[in-house]
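Chain naming follows the written order as A, B, C, D, E, F and G, and within any one chain the residues start at number 1.
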Amino acid sequence: MVNGIERPLDLLNNSKNKEVLVHLKGDQQFVGTLLAFDIHINLVLDNTKEMKDNELKRNIGLTFLRGDTIIFISPASTALKKE
Amino acid sequence: MVNGIERPLDLLNNSKNKEVLVHLKGDQQFVGTLLAFDIHINLVLDNTKEMKDNELKRNIGLTFLRGDTIIFISPASTALKKE
Amino acid sequence: MVNGIERPLDLLNNSKNKEVLVHLKGDQQFVGTLLAFDIHINLVLDNTKEMKDNELKRNIGLTFLRGDTIIFISPASTALKKE
Amino acid sequence: MVNGIERPLDLLNNSKNKEVLVHLKGDQQFVGTLLAFDIHINLVLDNTKEMKDNELKRNIGLTFLRGDTIIFISPASTALKKE
Amino acid sequence: MVNGIERPLDLLNNSKNKEVLVHLKGDQQFVGTLLAFDIHINLVLDNTKEMKDNELKRNIGLTFLRGDTIIFISPASTALKKE
Amino acid sequence: MVNGIERPLDLLNNSKNKEVLVHLKGDQQFVGTLLAFDIHINLVLDNTKEMKDNELKRNIGLTFLRGDTIIFISPASTALKKE
Amino acid sequence: MVNGIERPLDLLNNSKNKEVLVHLKGDQQFVGTLLAFDIHINLVLDNTKEMKDNELKRNIGLTFLRGDTIIFISPASTALKKE
């Protein structure tokens, strides 16, 4: 499953067009389809859902997320199934 | 809908002259027409409205927003309709 | 009104020698005439007034403001009339 | 045991494919298998567990962790055995 | 009075050997004679007084102030007379 | 005792393979043997002990400490004897 | 007394081998003999005393202080005599 991850950005590349969980400073959480990222870890997510305590807070659709406030990013297939 | 987004800044480019929702650190929120942006994610919005709990707090018209305090930016067409 | 704004700094350039509203982190607000700015968004304002809840807190005259603590800058003509 | 550590990143290199304990600002703690890291100390962990007071909070599987929020990283073999 | 201010640092240059008011993050305030500054807005002040609520807290004489914590700098002639 | 310290990093170099006290932001303290450091003040410590109010909180063995959160580093021979 | 201070770092250079007062973010204060500094304002102090409300909290001897957390540095001859 983890083949081909030589550098941290490889995981983001493998997650393109897949659902990811993004956890921000200040305990904010987003779930959405990863469309694009850059070396600053700026992201574009589609069908983004803002979550609070595993409950949907609101849908914000297509979203540009600044990398600066991100703590971690997980493919939703591994992160959400186990919760 | 998400055609042509290869890099995060492509979403900002697609949103020019359209209404966007900008969420800042410290729970401040702005809605306005995106006129310009740069690689630091500094923005210029027109007809900017400062929002608090989805209520209009004040109109601040034309505004330069420093990228440094931004958490996320969403096209208002997707972000606001679903709220 | 918004002609000629291709990049965010164009708004600052258009606002030279005009009154601007500057909002800082920590809810500090200044109103003054924009004399100069640089790419770090360091500003010089003249006839600067420190505001608190739309009331004048004190006059601090000519002021150098470090860009680092700035959240947004608005031409006072659009920002203040609508409040 | 500590042979071959000339520069700080050598410890991360020695810890590849091994379990590490990662402590973040704000008292968050993760345990997982270190798959990749870069000079910004961005990490990819596999089988990541989010811990709280030495108790498992949740499994988040494969995870990209931004270096920016990390305080320390320890090989789990030395860090966890002694707790 | 404001002739010759093309760039923000021009105000600091004009204020050399004059008294300035320096306001730091965390509401600390210093008054002293500006002897030197650099592009990081590091300052050296002489006859520095640490102020609290417009009262003298202590004299700290010659002082190196790191630019990083500075919010604004005003020539004391304009800032202090009007208080 | 302080011969040969021309630049700050010389003290770290002199402290290699010796016990150091590392004080972090947020009042965390570590004691361990300094194995390696770089210009970002990232450190590797061995036999690291996390301290709280001069009491041992836990042993975390071999540790990579990000420089970003460090306030000061002292050779334990001078820092701990005098406490 | 202030001859020869053209740039901020000149004050640090003049203070070498003299006692300085260093004030950090979070209200921590150190007094010690300045042995070395660099352009990041990293310092090495000898005979360092950690102070709290002008009382000695503890002796930490030889110390490397990261510039990042420093607010101001004063020659102790001017800063401490006047307190």
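Heads up, the rule we're going with is that a contact is a pair of C-beta atoms (placed from the backbone, for glycine too) under 8 Å apart; a residue touches a chain by one contact, two chains touch by 3 or more.
Everything numeric here is computed off the predicted structure, so don't read it as measured data.
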{"item": "Chain labels contacting chain A and also chain D", "value": "none"}
{"item": "Cα-centroid distance, chain C relative to chain E, in whole angstrom", "value": "20"}
{"item": "Whole-Å separation of chain centres (CA-atom averages), chain A against chain G", "value": "44"}
{"item": "Whole-Å gap between the CA centroids of chain D and chain G", "value": "35"}
{"item": "Multi-partner residues of chain A (each touching 2 or more other chains)", "value": "68"}
{"item": "Sequence of chains encountered when the ring is traversed from chain C in the direction of chain E", "value": "C, E, G, F, D, A, B"}
{"item": "Chain G contact footprint on chain E (complex, rising order)", "value": "24, 26, 28, 30, 35-38, 42-44, 46, 48, 58-66, 68-69"}
{"item": "Parts of chain A lying in touch with chain D, wherever the complex brings them together", "value": "1-2, 5-12, 21, 25, 41, 67-68, 70-75, 77-79, 81-83"}
